[in-house]
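Once you scroll down, you'll see the structures, which are given as structure tokens.
Next, two complexes with chain A in common: one pairs it with chain B, the other with chain C.
Presenting the complex of A and B:
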């Protein structure tokens, strides 16, 4: 079995492939491999021993235990190795399968790096494959549309300039019924905190903005949100392979914070955006680190807890389990702070999944996979079988997951495997349990 | 009083408002703003009846509003805010409302002398700009990145020219975005257009993307002959009308002028370029190595390098180039003409260069106290809060606008 035995029809992939020629493929493949990769890819491609350790790491492989084509090494074998072996001389139909595999069967979660004896980062290799696919114009329809939105509006949901500011004012107005002196300060120069979110929040999860504002207000935080584009920290261009647009988005994000002369950026509960700002997009722009300190909500809420700025009126009923988002755990090591915070918030135990902390299993939505849309939902959900089994084994009814994409993926998993669990953001729990002195 | 020559330049301290305590009926106020001449301090305020108003030098406006935001002073000293009454939005200027009403408004901008005010608006799901209360005749599907020319005679914005169905990749990649100038769209459409910029004679240049992979600069809708793997915002040479823009070639950044390379692509980054008014100096923030930023002036790179460089300013006659550096938002320093001033700061603001380029003033903060650096030396007092300084037209004095203990005052100090 292999990717070409399980092709799924997608408008974007089909459209892209229909415009390819073998000559264009060869030229593009070799241009990317020659000009945009180096020793890292060569080392990876030449040192893999096919030992199979990575098979135990990947949730797709775990969920399809009889099919080695789902293993990280198997994915590389079906993509990069073929390109290298054939010097880029492959047919358009091959590109279809390669793109489907790279965009929808690898979450770039980097769990396999931990299990590989020589540390091969298959996520990086799949990123190179995605870059080639982007350059060939072969990307899944839905994630490409999201990338278009980023380029046109600087956010991923086609939120227009007026809709953004209007939404913040609407949430502020709503919140004043509960907190009479509530403000969502727009463009407040010199604030300690610049709070950035991802576009699904103003689009259809406005309660998260409300809750964040309530927490900031109750904790007495000096904060602001930008009135102009730059407010969306998310980045599907990083995942489609459009790195030029990724750099443009990160520049806009950081410059909007620099313009306001803030001390730090605090990001909402999102994983991939953190990766984009903290590790990838900032570096395409030439910054070695982030030009303004960036703090994920896990760490920010943990600081508020440590400093006694969150006071609880009650504790959230446990037990719960904690889902570790890959990008802030393997990417930033926030798993202990996450647990300290959850212990502070809940009445009961944290029941760990068999794989947790830096060894967590991905939600199967990350890496832009969920953004590839409905055509690939069943593949994604099938790939989360091992995650579902670990969730079920905890026996608890609540999952704490501080990441938007993780919520999306886990919701599908909970539904598909009839787990009967609810999924909570940290902000949900803090808002529900905190003292509301003015209320 | 717009002309800075007519401002009060008598050296000394003048208290404008002895106390910024809340007037009766005010529940809380937002952050204060001060007029360019420093004679007025204003803020938006929440009233006991749950409406909003503005308070100017301690006196509330007569009008109050359901909502108010985007408080700004025009260069000629008028206080403006975007306000909502009866679920409709308009602009309030010195407590007088524009007659035009919209479903939403944002993006207030001013001409250089303050006589022209432009905003963006949305009405019935269509978008345009409004100039001194006169809306564009043509409206668009979407509009962003608006600009008002310095003389106030023209407006421009990136506009969406055609409707897009959800996830219609072909339609998007055929090009649905362009630039509208005074409400008239360019003939050409692109995948994307960004940062329209005015030059002399109301020429407009913008970054554009002609395919997913090809970027260039369009001038009045016409493309430069070369395409690049990426570009950043263009700017006009005020003296010659030529246009310079950073371009990416072979993975490195350089500078092109009217489509010709003038700085070879050797940088890891190159952006925020600016010309002097006389057109003799072109400066930009550059990264000669990964993670190492500095400034290049006419292609010559300064020696000191930092993790971050921002806020590049070029003096009017090109006699002075200044910028800020930081270690990822800590230890801010001021760089002037390739030399780094002594001392580091918790935060620093955009340098202000005197008209003849012989003095530089910078607002800085350390330990929660703010002051002004003048030619590298701190002013002899610090403040709870200080606003952007202004040089007198002859460059011999500096206006410092500041607050301490709730009092707002202006200080005029001679510059040695």
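Presenting the complex of A and C:
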């Protein structure tokens, strides 16, 4: 029972492992453990009492109730425990399984935190494992491709510099019919808001940019988007373990906003990008907080609602259920504002899932898992069985989910478990329901 | 026999207490030094307020999601931890030792109750052991170190019980009991039992990150 009984063929993992030697592994493992980890990892591994309380925390374990190798402590036992026990003297084949486990069977969602009396952060331990895998060059091909894109273009989707500006102008032009005076202001110095998105938006979800621009326009916000690289706030390097590149990405993003002398950054409806900017990438760059304030869309839309800047022509028909993205709820406590905003937008009730707020169950796409691509899709969907059951039990037809990755994951879950539910961004609902005076 | 008894309650006992305190101090100091050099981005976020908030929740039975989802283990864990401190400290025979060696005196638990509570501790050790063997999730993650930790705690209570009841040879048993207690004290800083000194810090760190940065509950 364990990861080595369920290996999945992946070009990136296979090629990476083929280049390894036991000597190289030992050297790299010990270099990371010695130079990049300290008391935190040491105490976690020494004082985990193997009580098994975390077992039922994890949606993977809930979805595979008879297989302890999916539990948080079970994952640590198959990875870090072995490396420590053997002093890094493991075979290349072991690294294959370790990488598959760390990249595709843990969403770094930190739900297990609510279960551990000692306060062990299994997400952190899995991040250390990923870091070792990255340094060994053993990463799943799909997510590594996005990391390469980050390195080459400073965005996740190989969007070229001219394509970016073109896409924004295209959306601006599209919107002219509906909003004759709407602009997507590029590089406007001193704007109140610097709006940043993830690269999949210009690549294949341009309607999200359209909607955001429409909302900014209708609310009369003084905003801008940068014309140069730095506009993409996403960060797959954080998830592959390429922290050097993560640091460069965050620096570029912050500096792009600083150059425009904006008052603050508003981020689109994304979870992982918020994690990267809010308490991971910024720390790598040596910032305890942020050189300029950062708010997530949930909070920004909530402010617009509070200040009466969004006026609704109608309410969205409910009831709905609310999916809490880990990175902005367990990572930033935005669940109450999210619900206040949803109540403002919908006609009907919020029907909560059994696990909600900070205790939410992850969409099973987060932590870079969905980005590992098609080879691992079935594992991911199987791991979301417990999420599917909670969704089904609500009996509603609409899920509000303010995060791109959650959308991707929930779409697959809804499809695979025949839930027949629609998934909405906040921007979708606001755009659909707001007053459009010029229209 | 008397010479051995004199030795384990005399020089060896003083050595044990020294090793216990020195061991704990050394581990704490060296871990702090390591944290200062490698975990500065964690230390920077430590907060008294959120540390205490987190600790308060986790020392309250059923106040956290994890405790609520594991009711049997919760009752066992709280009872166990209270008793493994209370029984050795407040047992009549031990209260006399506190007075004899340290010159401090305080009320004791009456013997019959102490005897009963010792049985409870032994039963809880058996519960933990059976759980380790029976629950697949726990069995899968159990290592030798977990059995060693359990055995180290079990031994002084078991031998103490046998000595008090005079079930086997009392003189031998009381010496074994004292030795087992001494082994436990010396082992605390160097085994899984080190969570006695470290858990307050891991808990505080998690509380600080969740309270001060993530604005979310960690319970």
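One rule holds for everything that comes next: the second predicted complex is superposed on the first by the 439 of 439 C-alpha atoms of A that agree within 3 Å, B and C clash if a C-alpha of one lies under 4 Å from a C-alpha of the other, contacts with A are read in each partner's own complex, and residues count from 1 in each chain.
Rule of thumb we're sticking to: a residue touches a chain if its C-beta (ideal position, glycine included) is under 8 Å from a C-beta of that chain, and two chains touch if they have at least 3 such contacts.
The structure presented is a predicted model; accordingly, all values stated were derived computationally and were not measured.
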*asked:* Going by the contact rule set out at the top, does A:117 touch chain B (first), chain C (second), both, or neither?
replied: second
*With the two complexes superposed on chain A, say which partner A:160 touches: chain B (first), chain C (second), both, or neither.*
first
*Check whether A:148 is in contact with chain B, with chain C, with both or with neither, and answer first, second, both or neither.*
first
*Of the partners chain B and chain C, which touch A:134 in the superposed model: first, second, both, neither?*
first
*Where does A:288 make contact in the superposed view: on chain B (first), on chain C (second), on both, or on neither?*
both
*Would you sort A:247 into first (chain B), second (chain C), both or neither based on which partner it touches?*
first
*Pick out the shared contact residues on chain A: the ones touching chain B in one complex and chain C in the other.*
36, 283, 288
*asked:* Under the definition above, what is the set of chain A residues touching chain B in their complex?
replied: 11-12, 15, 35-36, 134-135, 137, 141-142, 144-145, 148, 151-153, 160-162, 165-166, 169, 173, 176, 181, 183, 185-190, 227-229, 242, 244, 247-248, 251, 258, 261, 263-264, 283, 285-293
*Write out the stretch or stretches of chain C touching chain A in their complex.*
31-32, 34-35, 37-39, 41-42, 44-45, 54, 58, 64-67, 69-70, 73, 77, 131-132, 135-143, 146, 149, 192, 194-195, 198-199, 201-207, 209-210, 213-219
*chain A contact footprint on chain B (complex, rising order)*: 27-28, 30-31, 46, 50, 67, 69-70, 103-104, 106-107, 120, 122, 127, 142-144, 160, 166-170, 172-173, 177, 191-192, 194, 209, 212-213, 215, 229-230, 248, 250-251, 268-269, 271, 287, 290-291, 293, 307-308, 310, 326, 328-329, 347, 349, 365
*asked:* Residue numbers of chain A touching chain C in their complex, please.
replied: 1, 36-40, 42-44, 46-47, 49-57, 61, 66, 68-69, 71, 73-74, 76-77, 81, 113-121, 278-279, 283, 288, 329-333, 335, 358-359
